[in-house]
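A, B, C and D are the chain letters, set down in written order, and residue numbers restart from 1 in every chain.
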Amino acid sequence: MSIENLSRCSVDALDKILGVPFPVLDDGFIRVIDYMGSDASIVQAARVSYGQGTKKINEDRGLIRYLMRHHHTTPFEMCEIKLHIRVPMDCWRQWIRHRTASVNEYSTRYSIAIDAAQKTDPVDWRKQAAGNRQGSEEAVDCEVGLELTRQESDFQSRSRELYDGRLAAGVAREQARKDLPLSTYTEAYWKINLHNLLHFLALRMEAHAQFEIRSYANIIGNEIVRLWCPLTWEGFLEYRLNAMTFSSTESNIIAMIAGGRIDEARKLAIASGLLSEENPQKKNRERDELNEKILRLNLPPLSADPQS
Amino acid sequence: MSIENLSRCSVDALDKILGVPFPVLDDGFIRVIDYMGSDASIVQAARVSYGQGTKKINEDRGLIRYLMRHHHTTPFEMCEIKLHIRVPMDCWRQWIRHRTASVNEYSTRYSIAIDAAQKTDPVDWRKQAAGNRQGSEEAVDCEVGLELTRQESDFQSRSRELYDGRLAAGVAREQARKDLPLSTYTEAYWKINLHNLLHFLALRMEAHAQFEIRSYANIIGNEIVRLWCPLTWEGFLEYRLNAMTFSSTESNIIAMIAGGRIDEARKLAIASGLLSEENPQKKNRERDELNEKILRLNLPPLSADPQS
Amino acid sequence: MSIENLSRCSVDALDKILGVPFPVLDDGFIRVIDYMGSDASIVQAARVSYGQGTKKINEDRGLIRYLMRHHHTTPFEMCEIKLHIRVPMDCWRQWIRHRTASVNEYSTRYSIAIDAAQKTDPVDWRKQAAGNRQGSEEAVDCEVGLELTRQESDFQSRSRELYDGRLAAGVAREQARKDLPLSTYTEAYWKINLHNLLHFLALRMEAHAQFEIRSYANIIGNEIVRLWCPLTWEGFLEYRLNAMTFSSTESNIIAMIAGGRIDEARKLAIASGLLSEENPQKKNRERDELNEKILRLNLPPLSADPQS
Amino acid sequence: MSIENLSRCSVDALDKILGVPFPVLDDGFIRVIDYMGSDASIVQAARVSYGQGTKKINEDRGLIRYLMRHHHTTPFEMCEIKLHIRVPMDCWRQWIRHRTASVNEYSTRYSIAIDAAQKTDPVDWRKQAAGNRQGSEEAVDCEVGLELTRQESDFQSRSRELYDGRLAAGVAREQARKDLPLSTYTEAYWKINLHNLLHFLALRMEAHAQFEIRSYANIIGNEIVRLWCPLTWEGFLEYRLNAMTFSSTESNIIAMIAGGRIDEARKLAIASGLLSEENPQKKNRERDELNEKILRLNLPPLSADPQS
């Protein structure tokens, strides 16, 4: 046991951006306020677990990748970050569902609500996705977009008048706020450990996450975590964000296809409900997902047509 | 070790109200959907801890009160309840900050938003509290209330038109919802263990909690937990909700007052910043709180005037 | 909103084994004491999220598999189970690291320690694994095993004498216990929701988990969860326990191999550190894991020899 | 929004002891490895909640005490500390039950167990408490203590021989450890936020906590948190550790006593089960606790004898 005084672990690249806001959406931002730990802290924590045995694992990068690959998640909890964010309440409703963070949000009970609501450019109105009940796709027509933006602007002005009018009439802030639109900006300090943050990013950087929260998640991942813990970030991209998973049945089907047993693969797909024998054209979302993955592996996808 | 088959623990009084909605606010409700455990489960869990040693503690009520009094909280985690609630999003924003519950909320990304917003009766508009930045007090004037309610109604209609118009224009639900007012109702399944629920109730049944969430909390406490775990509820009222706490300094001041050493009590209050020697009339919120408690104990409060 | 009274959700197959101990190790057990929810509760919770939109997703099995596949984990939190377990303290030290459960453990501070320690049969002493610093493999020689078991038995008797002697000398239970061996049995009520339980099972049913805790996990999974939530269990086996994951680089290497670009695959493996150009025989654990997966897919593994 | 670069918040007094071990028990220690935040971070977080409204609350000490007094706990979560501790496994079993920390413990599966067990001096053997089933009191006789220490020493040597013998026989570390005594030292990194740490300290600095864990808690509180967040520490002592709480009934009894209505107080005590009318000498632990508090307030306690 050394009795020497330690210095706190710090990360120069992150220190350089401390406090500097990254703009998000029309009026939001993310700023790093404080942090604790680095890639080195993860390694240090893993090594207390491994004790004397770690002499052989002497390469930090390899150890971090090993931890990531084998879901040894506790060392990643040793890093902590605190962000100051400005975000529309609608987006915040999704964000706050991640229960493992510490939060202090601007109180519209205590103070007058922030006088800003998220505005949508005419070209940014997105159509309901055809194939995904909870998604969106390309923009609506330009003219429609112009009209929607005009209406939005009128409505947001009207909503603020209503709010200000209530305050002027002496109504308590806690009640006056009740009809503020979800587009109203709020601010918060949000503090979370790296393990939980990576879980947040895995879900919110994903292609199906809503555009708004994805915009925040991309900044946090690509602009902040990448600087803070570069080895962890690299491992996260490799073993999580860009990894592929095959279910037990999918693994078996792919093994059959790779082994040239196409017919057997079709039979398993039919038995598993991925393919309909009577109506091979029948859509099946899980089969579509599987075929995308099969194609990515340069193998022939399950086709509706047994001859192909 | 008995190998006999057990039956599940159940509570008749709660079974009788399972699924039945308790109305809250103008269009909200709370329903119990399922539960696990009872007062008996708390006792059972406490006794595994106490092992053979529990022969003497053979009275359930006494044991539950002992656990409550001494903050032995883990046995209360053995009970779990699942509620179905309908609540304005504004109130839900406070509710969801309790991170220890499991939640499934109605998705306005997946489905069209519930077509209901919380409406305020003309007599229910509350004034900003004078003495408390985050509270409200009596109603605004009746005429003002009428006008506020009329404006609210117009605004809520307008907001729904805007939302419906966006959907009609093909905008994705996830984006169309962005300007819904916070008064829009949402629904959720909310599942929580009894320990965490009591913590929620201690904070949200408290007099300073906002009226809306207090209305929900009162139903949960007085109409649901009281039936479900009556001994625990009684202990909670006794040792938590209606208990008094004195800080270290407050305890010393009260001891001095009770011992007739009024002057000494004043000196300690001055030294502790509760009382200003130069300006004894100077308001001090902590002293006001202390004096309320002293009066409740039938002792003479700290007065501004040393002679009194 | 129906105002009809509901009945609690129950599962006949689980009710039949309620309270009945499943033996584990030489003197341990697991009993189900209570539970809440079922596959139907998961579906119900998912559907509140999906609201009106769920008319099309009308098949429970498909919905549960969809949730499992897409990591929509919150509906699985709606189910809760409470187990009574008897387990050696050494195994319990691993178990208790899962922080998301509620626990009441037998108190050796309050009561005399359980008079039972885990015994090892002569054939059950396992050798240190050669290739894995934290694993074990086949049994030690029979004669050695006999001697180890004899020593164990003597030692455990001696440890109990020491403990009893301290108690007889009037030493406090909280101190007398300090030298009890880790093999001493303890008991606990352990309550956890299904989502967190599946996470526990994914880690502890895994081949690298220690034999002792794996024995408990296998009972919980195969004998309890399988009866309780059969659709969820099937989905868990399909999409978690028996699924395969490929990192980003692994996916690319496999695509190259499946596309016949073996040389390119080798180059990528070298660039990624999976293969050493200078010393292709050099062991690399990640490459070994990859090759196992490639073989499972009926594709040719990365070999040390470029010609093969 | 300022775009200036921030510096990380640091605390000189804590920086000076970073890494330096505080000895605990015969061979344990606590070292601070890293931390995040300070009293200033708590104030900053509280002020984002209060927004513009905080101009008046411009004194940090007052604000922190206000937060502590009113159980506004989230700002205290903004501070985080990481300790390196060395502790007997018996004590660690209590410690780890605090589920809100992040932990990496020395692995005796991966590495050979630490060759140190907690030893007890002849004068440190404590008797079982007479009045409290889970406590201890004064030391056993000196001669008995000498004998107990001698036995302990023999036993610990024997246990290490057994362990070393198993390793020498090739037994896997994960199995060889099964009979290590609970007194064996382990090490861990333990990271926790200040709110949860204060909760830990409130329970473990308390007089009824076991001596061993109390020794660690006292160091953490008095030597570490006091330096790290001095205003919070002061508030914690004032409003938590040294505060007094009266139940609803206790408050009423004290009010009656202070108002001179002794007889009424006795009647309420009888009605509440604190006092037995038939047998006023009958022991009642809750009454004893109440009387201690009443005496601390310089009021006459509830006596068994109505005349007194």
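As a convention for this text, a residue touches a chain if its C-beta (ideal position, glycine included) is under 8 Å from a C-beta of that chain, and two chains touch if they have at least 3 such contacts.
This structure is a prediction, so every number in the text was calculated from the model and none was measured.
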- Give me the chains shared as neighbours by chain A and chain B. C, D
- Task: Going by C-alpha centroids, which chain is farthest from chain C? Tell me that one.
- Result: B
- Task: Could you compare the number of C-beta pairs in contact for B-D with that for C-D and name the larger?
- Result: C-D
- Quick one: report the Å distance separating chain A from chain D, using the average Cα coordinate of each chain. 38
- Just give me the whole-number Å value for how far the CA centre of chain B lies from that of chain D. 27
- Could you tell me the distance, in whole angstrom, between the mean C-alpha positions of chain C and chain D? 32
- Task: At least two other chains touched by the same residue of chain D: list those residues.
- Result: 50, 53, 103, 107, 110, 133
- For the protein chains shown, what form does their contact graph take: line, ring, star, complete or other? complete
- Item | chain D partner contacts - residues on chain B that touch it in the complex | 50, 53, 65-66, 69, 71, 133, 203, 237-239, 242-249, 251, 254-256, 258-259, 286, 296-299
- Note on the structure: chain D residues touching chain C in their complex are 88-90, 93, 96-97, 99-100, 103, 107, 109-110, 117-118, 120, 125-129, 133-137, 140, 144, 147-148, 151-152, 155-156, 158-159, 162, 165-166, 169-175, 177-183, 210
- In the complex, chain B residues that touch chain C: 1-10, 15-21, 29, 33-37, 41, 44-46, 48-53, 74-75, 77-78, 80, 82, 84, 102-107, 110-112, 187-189, 191, 193
